[in-house]
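Per-chain residue numbering starts at 1, and chain names A, B and C are given in the order in which the chains are listed.
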Amino acid sequence: MKKYTDISDITDLDSLIRETILLKMTPFEYHGLGKHKTLVMLFFNASLRTRLSTEKAARNLGMEVMSLNVNEAWQLEFEDGTVMDANTSEHVKEAAQVISQYADIIAVRAFPSLTNKVKDQSEYILKSFEKYATVPIVNMESATAHPLQALADAVTISEFTETKRPKVVLSWAPHPKALPQAVANSFASMMQRMDVDFQITHPEGYELDSNITKDVPIIYNQEEALAEADFVYVKNWSNFNDYGKVLNTDPNWMMTAEKLGKAKFMHCLPVRRNMVVEDAVLDGGQSIVMQQANNRTFAAQIVLKQILENLN
Amino acid sequence: MKKYTDISDITDLDSLIRETILLKMTPFEYHGLGKHKTLVMLFFNASLRTRLSTEKAARNLGMEVMSLNVNEAWQLEFEDGTVMDANTSEHVKEAAQVISQYADIIAVRAFPSLTNKVKDQSEYILKSFEKYATVPIVNMESATAHPLQALADAVTISEFTETKRPKVVLSWAPHPKALPQAVANSFASMMQRMDVDFQITHPEGYELDSNITKDVPIIYNQEEALAEADFVYVKNWSNFNDYGKVLNTDPNWMMTAEKLGKAKFMHCLPVRRNMVVEDAVLDGGQSIVMQQANNRTFAAQIVLKQILENLN
Amino acid sequence: MKKYTDISDITDLDSLIRETILLKMTPFEYHGLGKHKTLVMLFFNASLRTRLSTEKAARNLGMEVMSLNVNEAWQLEFEDGTVMDANTSEHVKEAAQVISQYADIIAVRAFPSLTNKVKDQSEYILKSFEKYATVPIVNMESATAHPLQALADAVTISEFTETKRPKVVLSWAPHPKALPQAVANSFASMMQRMDVDFQITHPEGYELDSNITKDVPIIYNQEEALAEADFVYVKNWSNFNDYGKVLNTDPNWMMTAEKLGKAKFMHCLPVRRNMVVEDAVLDGGQSIVMQQANNRTFAAQIVLKQILENLN
């Protein structure tokens, strides 16, 4: 792996998952690998799990970590050829090149606006860093993708799979605020690369990007979709067609213990209790959200490890 | 010591103080102890001394340190059973459990609201982390207690004690803003565990929690209280009875060199000059506030050391 | 070097530049020097390059680094004898002394107000830390000086000099916001210590502090100044006479490829494209801004190295 901006950067998923599970058993084995290597983490948006797990992953590898909340410094410019006479103080061209000189790997978190679909879909922040940085980029959740989360999800499903080809359902849930499609996108892409029976259920009109969901069955009847599921991944996303809108907050889409049946419950967290999922599910024995969150460290660590191994 | 949320977690105070003073002489002796161990410091409130001294303590022990200003991420929910459809994005149940997977010890700073006495007294933030985290918790100042400060204070008094049983006075001081009772509480509790003649002086009506002060003499006449004192600990707190109110800013309660007599002057800092204490005291030879602040590092270090030794 | 608050702290510039260039080749050679030593970086203002490069420099030397955004903690008081009954919570006397107990070196960034010339020129923030701290102070850009930048600039000019005595021009540029004179000041001071033909060009009335520019030729005709230049350092500063005002935004002062001729282009960054300098210059082969930014790490590292070597 030479960078990790999207799950398409994974060539052999099975072996990557296997290596991650091995790494989890001996997290400090490669502590020498990151010696004198620096990870710079750039946050355009808030983070708890991603910040802590990625930093921990880097430190497990012996890397130095420097974090910057970019907007606490100043606004970056992303347009080419613009006269910078307004609010932006530095062009990403300079910022990315400069930071590359202080870093061996740069990790970037940059959420979508959810107001400008074309711009969000262009992934202009992440792509600008990819274009101008001279070191590998790791995506800590961008406008349309959260590949570190998806890798942790894949590892978790592998660890908990008991049948030959489990049924995995991505089930939309209501939420009061407009949230990105990134987690759902990357999970949907990842499931298409695993040997699982994958289905998506959401209210009509809440279709994700069809370039991502491709031929995945979309079932508008949640009950039907959930039948016999082995894993249910619950996640809200704001509308993708009527972009960024919250058009539905129907509480009937909330996940309940009854609906869950015998499936394992998954969510990327943070999760709003009794809005997205009822307490009984999160507090019950079928929830594997903690294992997912724990795997965030090792997903980040295997990615950083492989990138470090490919440096020069 | 298996955690340090309150000074009641100290079993043998004398020996702890002795060990702290020894540690101060060879701060890097246990640098191997924290290898591959991570301290996560969670700040719900601002910090200067506590942040730097606790981080330094952990690094002296060879620990990795990750800090998070929680409110920069998002608001946590602390109520059980609530429908999270408003401003809180994540329940402390999830947050504490997740962070426990990235940390070997979690340190928390969470001030009181000073508006809701019952809620503040319940220590719901600290107690929630204690309840849901799966790793030891260290209190970096909570709604009602500041045990790391109190330990540093106890060490400082031990170092400067010249008589067999020194007289120690906690003297209230005026302040323009409503401040917590935490430092005063923990100091009062700590002094009751030391072999000192401890008294408290404050304006009438400014009584601290009687569950904490117990039988400690409370003397409303500051001059009388200060007579023959060996150590005078000056600290403002807002009213505990008429909760969180600033009912008195009488400058006559300010500490002066004249009032101090021959006593050593103590304060946890930050301190407002010429409001809480006059310049002559802080700049004079009887002030031991710098030694107190220095002992913050070693108080934190002995606590982290003992907790590390008790892990697994 | 025992501290680095101003370029006057450099005794032998030539040898310092030579050592910096050597250090750049083996950045980790002195990794043992900083063992168990702590750099505390205090930011009163935003920073990207300075924060990352100084932290990297310290880590290259094996130091521990702790950063604090001071204003996120609370407001410091700098006046002597004041009654602190308003917005300031802690006097710099206490803060500087306390932090000195947690640090082996303290680095401070504190910009000018650009509204109170006398106060800014007094460098009261930096000087207060120098006065009250008990450990060496490094200036990460103060009200009137940016000596780490100037050292990186000097190193860069040394690396790129092809003639015996290059012509170096500091050329003012327009900018929509009021910026400090610090970078221009330190660059002007530094150039007077190097064997270069140094000239300054800016609109009439935009004179820098004459105590700094001394006998440096000031040429109001930019074209004339730029003729035959080997290095052109472009930088905006707000008016020093009519203090802090933006009296001129004439786009004719912007640097263009045509004006630049065969000179190398320098700027400290961040830079506003097509306002301060046109794209063609920044994206062209004569720009050495990236090398300047890279040298920030090694300028900071040689300074920290020399200070560490002088500690007790």
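The working rule: contacts are C-beta pairs under 8 Å (C-beta built on N, C-alpha and C of every residue); 3 or more make two chains touch, one makes a residue touch a chain.
Keep in mind that what you see is a predicted model, and the values were worked out from it rather than measured.
**Q** Could you work out how far chain B has to rotate to sit on chain C, using CA atoms and steps of 5 degrees?
**A** 120
**Q** Would you mind working out whether chain A and chain B touch using mostly the same residue numbers, over half shared, or mostly different ones?
**A** different
**Q** Take the average of all CA coordinates in chain A, do the same for chain B, and state the distance between these two points in whole angstrom.
**A** 39
**Q** Two or more other chains in contact with one residue: find those residues in chain B.
**A** Counting only residues that touch two or more other chains, chain B contributes none.
**Q** Write out the stretch or stretches of chain A touching chain B in their complex.
**A** Interface residues on the chain A side: 28, 31, 46-49, 51-53, 55-56, 59-60, 69, 176, 269-275, 279, 282-283, 289-290, 293-294, 297.
**Q** Going by the contact rule set out above, which residues of chain C touch chain B in the complex?
**A** By the definition above, chain C touches chain B via 36, 38, 40, 64, 66, 68, 70, 72-74, 77, 80-86, 88-91, 93-95, 97-99, 101-103.
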